[in-house]
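The following blocks contain the structures, represented as C-alpha cells.
There are two complexes below, and they share chain A, which is joined by chain B in the first and by chain C in the second.
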Partner chain A sequence: MKIDIGERILAANDDLAAGNRELFAEHGVYVLDLMASPGAGKTSTILATIDALRDRYSIAVIEGDIASKVDAEKVRAHGIPAVQINTGGACHLESAMIRRAVDTLDLDALDLIIIENVGNLVCPSDFDLGEHAKVMILSVPEGHDKPYKYPNIFQVSRAVILNKYDTVGVFDFDEAEFREVVGSLNPHAPIFPVSATKGDGVDAWAEWLAERIEAVKEGGSA
Partner chain B sequence: MHEAGIAAGILKTVIDAAEGAGASRVNTVDVTVGELTEVVEDALHFAWGAATDGTIAQGSKLEITMLPARSRCADCAEVFGHGRYDGGRCPACGGYVVDLLAGRELRVDGIDID
Partner chain C sequence: MKIDIGERILAANDDLAAGNRELFAEHGVYVLDLMASPGAGKTSTILATIDALRDRYSIAVIEGDIASKVDAEKVRAHGIPAVQINTGGACHLESAMIRRAVDTLDLDALDLIIIENVGNLVCPSDFDLGEHAKVMILSVPEGHDKPYKYPNIFQVSRAVILNKYDTVGVFDFDEAEFREVVGSLNPHAPIFPVSATKGDGVDAWAEWLAERIEAVKEGGSA
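Let's look at the complex of A and B:
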C-alpha cells in the first residue's frame, strides 16, 4: 500500500526553528549564526565584534562545540554572558539545542545573540536555527579555493567575513578570484576583510550588523 | 557528514505515517533531495540502513530522487536550470536578482507499506 506524505525531512527541526524565530521577534533580539572551519577565528571575531558593539548593545553568546567549555570561558572573561552547548559528537547545532540555551538567557535584556556554530563548513549550512542571518568566516590561510569546495555555506550566508586578512600576502591568497567565485555563488553577500585579533576591518562588519540589530529592535524583520 | 541526522528525520516521519496506517512493515520510502543541499546520496543510503535497524522500516529501500536546481529571474522572468556555481545570474538577460525555485528540498514524498 502506497501512502503520500510530502513532509519536509527536517520538519521537526524547522518547526522548532520557527518557534525560536517567533521568540526572538517577540523580544526584539537579533540572532546571528556564525559558521566557519575550526581555527578560522570564530571566537576571536566574536570578541572583536563584542568590543565594537558592547557600548551600544547588550550581547550574549551561545557557544557550540563538540566538547569543552573553553570558548564560553573566554567570552565570560570578556564580561559577556555565554552559554556553552556541547553537542557530544554532532557536527552542527540544531534548533532544540538553541532553544534550551536561549531559555537560560534574559531575552528582554538583550539586543544581540551571537551563536558560534560547531567548526565545520558543511553541516551547519543545512540546519535552520531560527536565526535572523547566517554569516560565515573564511580565514586567509584556508585558501581562496574554499568556495569551490564548500559552495553551500557560501550560498546560505548573508555576509562573508574574510579573517586573518593581515596574512593575505603570506599565503598566496588570490583575493580577486575569491571575490569572483563568492560573487557567482551569492551576489548579494558583502565580503568583509577583517583581522579580528588586531581589530582591522571590524568596524565595517560591526556597522553592517548594527543596522540589522536596529531594524529588529524597531520591530522589522531585518 | 550529517546524513545520520537526515536519516533520523526521515525515519521519524516514516514511523509516524506507517504506524498511523497500521503497517506491519515498510517496503520503500521515496524522498526528494535538492542538489544544492549538502546531502550525499551514498552516505544517506548507508545512514538509512543503520538508522532503521530494529524498527518497522528495517530492510526498507530508500528511493532518492535528486532534484536539479532551478531559478527565476526577477527582471525578465526567465526560468532556468543551473548547478551550484552558475545560478546567481540570469542566462537570458544577465540580471543578478534571481529567486531560487528548486534545489534545496529535503522531503519525504511517500512510503509503500504492508
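Let's look at the complex of A and C:
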C-alpha cells in the first residue's frame, strides 16, 4: 500500500515535471539539478561554476534546503539571482516547488538555472523536476565505496563531479575502484575531479555544461 | 493529503517502535541508533566503539543501507555479529525492519546493539525505532554550517560525534560556531571530537555510552 501511495506521488510529480520541461524549452533555458550529500560542496561548486560561465551566460540559482537561507544569501552575495526553497522537512525538491520558484524568475533573460537539491544521496534521485540533466557531486572524504551503497543516484546522473579532489591524499580514497564502479553503473557519465573552493578542475566541468547550454539555446534537447 | 499519509505511516511505525522498546527492556539490551550523512564515518566509528567496549560488553550491529552488504561484512570481519538490512530505496530504517533483524539475534546474550541507519541527515531523524538513544555523527569535511540546514537531526540526537577531527586544519571548519549552533538547538547533547580511523577521542564517547549500557543492565531506562 505504501508503494502505491509512493507511485501516485511520483506520477503527480512527473506530470508537473513535464510542464516545467515545456516551459524551459519555450524559453531556451538550460536547467541543471545538482544533487549531493550534505557538505559535499554543492554551493561551492555552484559559485565556481558561476565564475567560469558568468561572462558567457545569464545564470540564476534555486536553492533547496530543509531550513535556512544561508545558501541563497551566498549566491546573491556573488551577484546572481537566487530563490530559496525551504522544504520544511522533505528530503528532496519536487516539481511543484520548482514551478513556484521559477515563476519568480525572468526566464527570457536567463540561459542557465542551477537547482541545488536538498543534501541527500537517496530521495532526490527519484524526482524528475523537468530539468535537462541531473548531475551529482561526490566529495573525496565521503569515500570511494559510495556507489555500492547509493547506486541509483549514480545511475541517474549525466555526470559525476568528484569534489575536494585536493584532499585525495589525506583520505584513503581509491580513485581506480571508484571509477570502475561508477563506470559499471553508468558507462556514459564523465567524472570530473574538481576542487571547487580552489578552482582546480572547474574548467573541464564548465565546458561540458556550456556545450549543453549552447544546444538548448539553439533549440535542441541537449 | 500527503501529510496525512505521512502521519499514518509515522503512527504505524511508532506502534511497532513501542514493541521493540519493550523487547529491548525485557532483555536488558541497550540499543543505539547511529545516524549521519553518507561517508561521515558511521562504520569506522562503530568499529572503533566495538574496540573500546568489546572486553566489557557483548555487542551486535544492524547495518542499514539502500543496497550492498559491505558494511556488515566489515563488522563481521571484526568478529562481531552483524545483520544487513537493504531498504531497496527507502532513505531510512523503520521499526518493522529492525524487528525482523532483531529476531535473528540472541538478545539474552547481548548488552549493546548498534544500528547503523541509512546515510542521510533528514529521514532517519523522524523514525523512532524503539532505540534508547539516537546519536548523530557530523564529519568535519561536511562543514560547520550543517546544523542550520538540518536542525531536526541535531535536535533529536542525545549526543553528537564530530568525526574526522584530525582534518579540522585541512578544512575551513569553525568549531566555535558549530558548538554555539548545536548548543542552541540542543543544549543537553555533548559533542565528542573523534578521529575514528585513528582512535583519537573514542574513549570519551565510549565511556558516555558505557554509562548508559550499565543503567539498562541494571534495569533503568538509561
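Keep this in mind: the second predicted complex is superposed on the first by the 213 of 222 C-alpha atoms of A that agree within 3 Å, B and C clash if a C-alpha of one lies under 4 Å from a C-alpha of the other, contacts with A are read in each partner's own complex, and residues count from 1 in each chain.
One rule holds for everything that comes next: a contact is a pair of C-beta atoms (placed from the backbone, for glycine too) under 8 Å apart; a residue touches a chain by one contact, two chains touch by 3 or more.
Values in this document were obtained by computation on a predicted structure and should not be read as measured data.
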| item | value |
| --- | --- |
| Partner chain in contact with A:Cys91 - chain B first, chain C second, else both or neither | both |
| Touched partner set for A:Glu218, first chain B, second chain C, both or neither | neither |
| Partner chain(s) touched by A:Asn13 [first = chain B, second = chain C, both, neither] | first |
| First, second, both or neither for A:Asp55, with chain B first and chain C second | neither |
| Which of chain B and chain C A:Ser68 touches, first, second, both or neither | second |
| Common ground on chain A, meaning residues reached by chain C in one complex and by chain B in the other | 2, 5, 9, 90-91, 120, 122-123, 126, 148, 151-152 |
| Residue numbers on chain C that touch chain A, as the complex places them | 2, 5, 9, 37-40, 65-68, 70-71, 89-91, 118-123, 126, 139, 141-143, 145-146, 148-152, 164, 167, 170, 172, 197 |
| Chain A partner contacts - residues on chain B that touch it in the complex | 1-2, 5-6, 9-10, 12-14, 17-18, 21, 23, 31, 36-39, 84-86, 88-89, 96, 106-114 |
| Contact set on chain A toward chain B in their complex | 1-13, 90-92, 94, 120, 122-123, 125-127, 148, 151-152, 155, 181, 183-187 |
